[in-house]
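Supplied in structure tokens, the structure appears directly below.
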Amino acid sequence: MASIWQYANPVKFMQTSAKVLPALSVLTAVTLIVGLVWGFFFTPDDYKQGSTVKIMFIHVPAALMAINAWLMMLVASLIWLVRRHHVSALAARAAAPIGITMTLIALFTGAIWGQPMWGTYWAWDPRLTSFLVLFLFYLGYMALWAAIENPDAAADLTSVLCMVGSVFALLSRYAVNFWNQGLHQGASVSLDKEEHVNDVFFYPLLLCMIGFVLLFVLLVLLRTRTEIRTRRLKTLMARERMT
Amino acid sequence: MIALLTRDLILAIRAGGGFGLGLAFFLIVTILVPFGVGPESAILSVIAPGILWVGALLACLLSLDRIFALDFEDGSLDLLATAPIPLEGVVAMKAAAHWVTTGLPLTLAAPVLGTLLHLPVEGYLWMLLSLAIGTPALSMIGTFGAALTVGLKRGGLLMSLLVLPLYVPTLIFGAETVKRALDGLTTATPALMLAGVTLATCALLPFAAAAAIRINLR
Amino acid sequence: MIALLTRDLILAIRAGGGFGLGLAFFLIVTILVPFGVGPESAILSVIAPGILWVGALLACLLSLDRIFALDFEDGSLDLLATAPIPLEGVVAMKAAAHWVTTGLPLTLAAPVLGTLLHLPVEGYLWMLLSLAIGTPALSMIGTFGAALTVGLKRGGLLMSLLVLPLYVPTLIFGAETVKRALDGLTTATPALMLAGVTLATCALLPFAAAAAIRINLR
Amino acid sequence: MELQVSDLSCARGGVPILEGVNFTVSGGEALFLRGPNGIGKTTLLRTLAGLQPPLAGSVSVPHESLAYAAHADGLKATLTVAENLKFWARIFGTKGIEHALAHFNLTELAERQAQNLSAGQKRRLGLARLLVTGRPIWALDEPTVSLDTDSVALFAQAVQAHLEGGGMALIATHIDLGFEARVLDMSPFKAKTPVYDDFDEAFL
Amino acid sequence: MELQVSDLSCARGGVPILEGVNFTVSGGEALFLRGPNGIGKTTLLRTLAGLQPPLAGSVSVPHESLAYAAHADGLKATLTVAENLKFWARIFGTKGIEHALAHFNLTELAERQAQNLSAGQKRRLGLARLLVTGRPIWALDEPTVSLDTDSVALFAQAVQAHLEGGGMALIATHIDLGFEARVLDMSPFKAKTPVYDDFDEAFL
Amino acid sequence: MIPELGKYATEVLGAYAVTLLLLAALIGGSLMRSAKVRKQLKEVEERNNG
């Protein structure tokens, strides 16, 4: 069997992803629509939270993906630094806007959820706060990519930032926990119980989570393709200028 | 390496206000906050530790772009990168010089500005100590941010954006130390955490910063 | 003159983050303060107006060096000074562009950040209004400061020192307006004073700033 | 129309550089300013453009009739060639940038961002700006830096067309521009080192 | 000791500039790099100095034996001439700056701040730095910019003394330096424009 | 069609609306940039090969 690194060649990547994309788009759309429709239309209200429990079907998958997108960027950055496959650096770049959107969705839906549950849109709860910090890390990461002209230097520097940022994000998480014990924990535990008790919520939630994961993969592929093309475009234009 | 440190300090003094400007900014922020928040001493004394820490952090931030920008522009950084001292050492010395010209004066000035914000007397010692322990981390993290953005046209605002989230743990532990002291609680945990952050930062970030500079010089 | 305004706005957008970075800094300051001060919503909601105003002010300040520095470096400022539009108009347009890229987004973002700081609901309207009235003065005063320091190597910190004291009246009236609204008092006096400061600033400072530029170009 | 400079003295950084400069340029005429580096050509042009006040003497330039082109081109890297020119056309209240583009052989590059131009192309764009100002007096500071020979010829044509239309040009240059004009050697105007035995009102 | 460059390719800003550069310099030898603006002389010297990694090929420079002098001099405006030199001497772990000052005729200026030097004096100070590095290989990027003829002669003497002591020098220059050495024309090494039909790992 | 959401209708609908808006922006943005870059690249490649 060929090494999986062959997909790190842009040509191979473009070919393979072009084959995968159509089927993946359909699958994603179906999963996501079924999951969300099931969650929104065909689940009962929670005895305690009323209809707000429906927010869970977007909040939880979005929160999940927000963190996992950063993890994926970290892995891709490491691959770039160690093996210097351009595709992985570009995939990290492609994932950042998706991650930041997921972070924003988690923040907004959480805030909207917070108003009926905790009586406030925002509390300096450790989990919420660390999400805010994560949002800042995404912002800085994207701003650094945008600011540097030389693509390889940009890939290197953002990878370094991603690694250092990951360490500091973890550190912030502990610091924030130390600084304030929050509300979110309790809420999630009570719902955890319900998840086990009540399959009514669990299956649509699972479907939504799978849908969000698929959406993430789909968008990463699509955006990486765009990044590869952008990169080629830039190189060609630089050449044109020279000759 | 000591040569580099002394050179940077001499340059800061000769530039007129290497020490003064960061301090002045700290002073101004501390003065602006009461204008914004209002003069009630009860509120001020509660928020004093936080405001002083945030002020120190912003003052640090504003002087970061001096760390490498001038050396990059006049070509010294190229020459230092080919000199027989390791680039990690250069970075560490730069951070040290930044701390001596910014963190140290801020720390020493904090009690005076604490008075302006009605910081309770119990807080003075820990305010001073926490800044003394924490500001080296601010300088080191800032040096890393400056290394990432060296050579960019208007790196200032971008650097702030990169550096500020990295400052979060230091800020939390630093301000928490003082707040605990004010509440009569034990300050050991946050102070130790703060020291840990500083030590780890100073041990590891010079390598990341040196790597960033090498990439930027290409 | 409209040509100049549209050009500056296009440049800000193309530069990638002309709008974003000032806003990001505002966001970061607003987030750092609770880390320093602590998460208690009672305290936060009291200091929220002041902190938001100080944050807006600092965010304005950090983007000031963009106003003239680039045009000075690439020679556009020389050419604009010899163009048939008065330099006062150039200055006013520069200030307007700065406001659109900084003051306006800050104003619009203030309610969101107000939520983070637990600004009481009564305060939202006046927070928005006071920033809308007051930020033009911040941009105009900042443009004056930028004009004074155009052409200096590291004018950034010096400019901050010059500009911050000039910001004091705007800050006081702005924050006072919101605080009065929170206390259920009449906001007419400070709001009118704020409007007065803005109007006077915008009427007079373009002349001072244009004079400063002429002197700096010599 | 006429440009008259009588008994002009100029300073740079507080130090007098030029003294007793006298010349007249009338419509349809060009004048080359020559002299070694640092003699004060840039200083003189900036004074004529009104960017700095003369130390003594007078300059009679009709109001708003002078277009100045400095060492730097004042281009915005992220605007395209056409956008850069259009901006200056709007500032100077003139219409149409096509003739300027065409004249300096920039039509093909019109949609290229200025940052992607080579040094010589940038300079051509900087000179094309003169055509959209619509002003009769051109004050040019080393206009042909980094231009290749073809472009220098384009520039010479542009100046001659401008002169034939009754315009004037003052050109500071070290090299040959491919056309003839009166030459003003700046060396005699170098400010004398003052005698240091007495202060006067201006501390000079 | 020997400096060997085999089959070197260099890129700038992600674009390959030079391809297949091959040369060897041995002790006591100097090499002039020549070629038009933008051909890649600076890029080559930076690669040799280890400031940027080669795209392909190899450079065998003995560890820590190369002193690089760039277009910029790396002087600190507020330090005096002696302080500037002393700083670099301490960084490179050598002793004594007097011979360097004397050689470049800077002894009289030793206590002058660098910002009060003329351009040529600044350049002399930048070159004097080479003498205090104590390194055998000099990589010099247009070292004689803004020097007058006497100073160029001083520089030529310095290089020749360095070569006689077994050192080497690589000098990128457009002009005549007053001494003879092997010349390497860079033009043949210009990277070819590639065919545009397919991607590969480097997107070229 | 819309199920009975009780007193929290605004919250739930708002949350879904915000999410759909953000997702639409993300997906739309990705597709638009993809199309734009594809077009530009095609132009440049044609210019170079033809």
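Order of writing sets the labels: A, B, C, D, E and F. Residues in every chain begin at 1.
Heads up, the rule we're going with is that a residue touches a chain if its C-beta (ideal position, glycine included) is under 8 Å from a C-beta of that chain, and two chains touch if they have at least 3 such contacts.
Here is each chain with its UniProt name: A = Heme exporter protein C; B, C = Heme exporter protein B; D, E = Cytochrome c biogenesis protein CcmA; F = Heme exporter protein D.
No experiment lies behind these values; they were computed from the predicted model shown.
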Reference subunit E; chain at largest CA-centroid distance: F
Best-connected chain pair, where connection means C-beta pairs in contact: B-C
Longest centre-to-centre distance from subunit D, chain (CA-based): A
Distance from the mean Cα position of subunit E to that of subunit A, given in whole angstrom: 48
Subunit D and subunit F: spacing of chain centres that average the CA atoms, whole Å: 51
Averaged-CA centre spacing for the pair subunit F and subunit C, given as whole angstrom: 33
Residue list for subunit E, restricted to those that touch at least two other chains: 196
Multi-partner residues of subunit F (at least 2 other chains): 45, 48
Set of subunit A residues in contact with two or more other chains: 133, 136, 139, 143, 147, 150, 179, 232, 236-237
Touch list for subunit C against partner subunit D, complex: 2-4, 7, 10-11, 14-15, 71, 73-85, 217-218
Touching residues (chain side subunit A, partner subunit F) in the complex: 40-41, 45, 50-52, 54-55, 58-59, 62, 97-98, 101, 104-105, 108-109, 112-113, 115-116, 215, 219, 222-223, 225-226, 229-230, 232-233, 236-237, 240
Interfacial residue positions of subunit A with respect to subunit C in the complex: 111, 120-124, 132-133, 136, 139, 143, 146-147, 179-180
Residue ranges of subunit E touching subunit B (in the complex, touch as defined): 46, 49-53, 64, 66-68, 70-76, 78-79, 83, 87-88, 90-93, 129
Parts of subunit E lying in touch with subunit A, wherever the complex brings them together: 13-15, 193-194, 196, 198-204
